[in-house]
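Let me give you the structure first, and then I'll get to my questions.
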Amino acid sequence: MKLAILGLGKMGYNLTLNLLSHEHEVVAYDVEPKRADELGREGAIPAYSIEDAVSKLDAPRVIWLMVPAGEIVDELVDKLSTLLSARDIVIDGGNSHYKQSLDRYARLKEKGIHFLDAGTSGGMEGARHGACMMIGGDQEAFDHIEPMIRDINVENGYLYAGEAGAGHFLKMIHNGIEYGMMQAIGEGFEVLEKSPYNYDFAEVARVWANGSVIRGWLMDLTERAFRKDAKLDEIRGVMHSSGEGKWTLETALDLQAATPVIAMSLLMRYRSLEQDTFHGKVVAALRNEFGGHAVEKK
Amino acid sequence: MKLAILGLGKMGYNLTLNLLSHEHEVVAYDVEPKRADELGREGAIPAYSIEDAVSKLDAPRVIWLMVPAGEIVDELVDKLSTLLSARDIVIDGGNSHYKQSLDRYARLKEKGIHFLDAGTSGGMEGARHGACMMIGGDQEAFDHIEPMIRDINVENGYLYAGEAGAGHFLKMIHNGIEYGMMQAIGEGFEVLEKSPYNYDFAEVARVWANGSVIRGWLMDLTERAFRKDAKLDEIRGVMHSSGEGKWTLETALDLQAATPVIAMSLLMRYRSLEQDTFHGKVVAALRNEFGGHAVEKK
Amino acid sequence: MKLAILGLGKMGYNLTLNLLSHEHEVVAYDVEPKRADELGREGAIPAYSIEDAVSKLDAPRVIWLMVPAGEIVDELVDKLSTLLSARDIVIDGGNSHYKQSLDRYARLKEKGIHFLDAGTSGGMEGARHGACMMIGGDQEAFDHIEPMIRDINVENGYLYAGEAGAGHFLKMIHNGIEYGMMQAIGEGFEVLEKSPYNYDFAEVARVWANGSVIRGWLMDLTERAFRKDAKLDEIRGVMHSSGEGKWTLETALDLQAATPVIAMSLLMRYRSLEQDTFHGKVVAALRNEFGGHAVEKK
Amino acid sequence: MKLAILGLGKMGYNLTLNLLSHEHEVVAYDVEPKRADELGREGAIPAYSIEDAVSKLDAPRVIWLMVPAGEIVDELVDKLSTLLSARDIVIDGGNSHYKQSLDRYARLKEKGIHFLDAGTSGGMEGARHGACMMIGGDQEAFDHIEPMIRDINVENGYLYAGEAGAGHFLKMIHNGIEYGMMQAIGEGFEVLEKSPYNYDFAEVARVWANGSVIRGWLMDLTERAFRKDAKLDEIRGVMHSSGEGKWTLETALDLQAATPVIAMSLLMRYRSLEQDTFHGKVVAALRNEFGGHAVEKK
């Protein structure tokens, strides 16, 4: 089918190549015209403005947003609501908060335009060669794009998740689980690293990635990381986060769901951003006050 | 090669079939003679006592223990230390604590007998069709059995982990990670279950098992479990544990490793064993004392 | 001084008595006229509508809201904004979210009316005989009421905390700490309860309440609770919560502050609301799938 | 009564002064003779060897050990078992593990010597001016020393906790609670420190220490610490631990008690000992592998 991709960053660029390799026609647009040109050389139809992109599509038009979550999505939705017509379809393939997707769905719905929230997992490799997608919104809009969705994902790798928001909600929870799994793997290797044994971590990850209960893509990637840097000596253990773990915990709190592992995996990320903590200072000062235990001076 | 398996339970039985299918000669013994007979019909050489099993092997004898962790291992090690000779090899394929393996290694070493601690992961399916193994102990003993180990595990699915204890230590940590990953998955589905969306959990697990960052065997099994019982209505959420998660946390405490996710996954298992908690009663009583908040009466 | 109390529930009723005993003139109003009458017999001036209460005050009027956090506060603020004049003072003595207090402050500020957010701690006993208060808002409004505030709190028991919201923010954090301290106490007694020793918990709380590092009002109350019900056999360990612990954690997440103890004390409250958990079912089902471990049937 | 104190460090020294001020006769011994001499000048009877200290007592002799937990206690117990007679009483006032106290009790019991395990809380100030004590062991031995115990503790500040080990067990749990409470306080101030408000922390601690639900000695000490160093700028947040929190968690694990707050307060102490973590490196490396998220280089 013919569709437009707006946003040609790491994810959108690879997604476009993926679509092209499955013989879809892709109108490619980015604020950086060079990126559209680059994909033009790969077979895409470059566009140099939103209007240009829209004008190159046929009704019902399909527009896929592949931009970072945030205000930019609202700007695009607002602009598209003036350019598109009833029965056109806007897909948000980014990591937007599901509540925002609900809101955007409602705004476009007023004009009869469909909005699909598509959570994507699988990283850059997945975007290029097949990821998995969880999609929420109107069933009829999903049905229209399903053949294309089938092409670009791995086998069994997509789901019509239900009404508006259901796709991004599912992706949010996926990421919450991912936080917990990654922290679990990290903690296991931390104990190994402090153990009296002198393990080869890449070899450990290799054996755990083959045949074990905890095998999976994260363990494959763990092996890959240790192959590059055997003790991870070159990097710092600062764990940034891009929001979805926090949203998962906030949602869990709203639903009164006890999610200690997801909570702790998020809090340890925050802890990793600091060299020292104020709570630690308070505890150290208290130990000094009541027990005379020495504090470490700066 | 020719070897004896002592203990023909879920794991030992499947392991024997696995060995037979790779054309190894297996002397099979269990306290329950029927199980040896049954495997005899599959091509194993049944034995009806430890002595009988030992007598049917050639030097250097290889004896694989596949019995539950605990005193029974010590009893077998003690008995075997009187029956075996220098250069014979005893493998403990169970989930023993690595400190006990160190002790058993030392006891057999006095007589020149090798002791290998072999952690096995992959469940019953793995035992039958290929699992992964992490093996500690003397390198020369490992080298002797390596061809057989290669046969019965999946490709890339074994590791000589280092000196005595290194195999069981690694298996312990593997299970600690497993606890964390399973709890993370459970928490994610708990939020889904409490969410306003009406997800088909088997379908969610299916899409997450294909192409996503969190794909892996645990997600395959999650799908399988939901296919059997769509909302898990038939079972209770009581999470038993068999010791390795606890050992992992105790080891982390000894090494002063901060492992909050492994800790919480274990503590939530303990919490699940109780219908009500004493800490909850204390907190409820305190809220009543200072704020007049109603308590729930029994 | 003369002031009005709107809301004569557990806290407002006791606060009024406290004010009367310090010879302040209190106009007392509640949606339930009987409560105003009752306090009338104690020396208060009963009022039967908001308008009535306002009309009985002299400029600058001081109105103290002692109602549950929520919409009712907004309704009162809206109504008062039409009845009051510049330089009058509205105090919110409830557990409102500080962000709402910021909003209410701004709305009243438009008319020149002062809004003070007063967090109160000390329970009903404190409301009656002296609590502690943390107050945010305009300094000049605080200065006006300070003599009255001094009277009704314990010595050293009040603080002008700073600009608008600073009082309720502080109370929120106070409650977050309270959650953690209560859970810590509860956990300690849980271990005692499971221990081989046969402790008399009231006696344990008594000795810890006198001279120990962990002495304080919560331990006094722990003793009191155990004196009434030696093993807390009569109550269930269901830990309800009224919002401030959740707000503390949400605020911590927004500020990227690692607060694991506050997080876990909240999550264990949520856990206590359930007889069984979905995450537990998932974990139990997974253990069954890979290891054949029996699940508990319903 | 007349008794000997062995060990005149921070705690033993202050305890001796406390006993002297209540007109008990104290034989004072330390490996450092100067300390005995110093207390001699305060009215104690200095002793210069264990034998010397024992010889200066009358039957039934009362010997109070005030030495750090560890091997030194065993050495003293062994030595005293040769010097003392049946019905003499040895008190261990340190923070020994209750299982060791059970063992020491049994060893002295063989000779008819009483052993009391006395957990002490209240810090140095408590040792000097009145602390609280939880004492386990034979009731008759406790009865003999009770008048002296009453003198040196605050009112209501001691408890005969039950059979051998019950005192040190109780002190262990007390410290576990203390860990949780301190971490809760620390976390609260951490959120304040990151908040948009500019709080005076000493003033906050002051108001919380007077009239609030969370008032208590720890909050008094928090105020005191902030008075000395308003933002704790001079110290590092490194939280050392001396074992009892770890023992509490280990005991909770053995008893299958869910104690997440105590667990997290301990793990955050371990975390504070490290500038960077290996688990953080693993998570950061994984984020880079699947999502191309930048890692921070060293």
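Points worth noting:
Labels for the chains are A, B, C and D, by order of writing; each one numbers its residues from 1.
We adopt the following convention: a residue touches a chain if its C-beta (ideal position, glycine included) is under 8 Å from a C-beta of that chain, and two chains touch if they have at least 3 such contacts.
What you see is a predicted model; the values in this text were computed from it and never measured.
Shared contact partners of chain B and chain D comprise A, C. Each chain gets a centre from the mean of its Cα atoms; the one farthest from the centre of chain C is B.
Matching residue numbers shows that A-D is the pair in B-D, A-D or A-C whose interface repeats B-C, with more than half of the contact pairs in common. More inter-chain C-beta contacts link the pair A-B than the other of A-D and A-B.
If each chain is reduced to the centroid of its CA atoms, chain A and chain C end up 39 Å from each other.
For the pair chain A and chain B, the distance between mean C-alpha positions equals 33 Å. With centres defined as mean CA coordinates, chain D is found 49 Å away from chain A. Shared interface positions of chain D, i.e. residues touching 2 or more other chains, are given as 122-123, 183, 185, 187, 190, 194, 213, 217-218, 256-260, 264, 267-268, 271, 277, 279, 290.
Residues of chain A that touch chain D in their complex: 10, 122-125, 182-183, 185-187, 189-190, 193-194, 217-218, 221-222, 224-225, 229, 232-240, 242, 260, 264, 268-269, 271-272, 275-293, 295-298.
Every residue of chain C that touches chain D in the complex is listed here, in rising order: 121-123, 126, 130-134, 153-159, 161-163, 165-166, 169-170, 173-174, 176-181, 183-185, 187-188, 190-192, 194-195, 197-199, 203-204, 206-219, 248, 251-252, 255-262, 264-265, 267-268.
On the side of chain C, the complex with chain A involves touching residues 213, 246, 249-250, 253, 256-260, 263-264, 266-268, 270-271, 273-274, 277, 279, 290.
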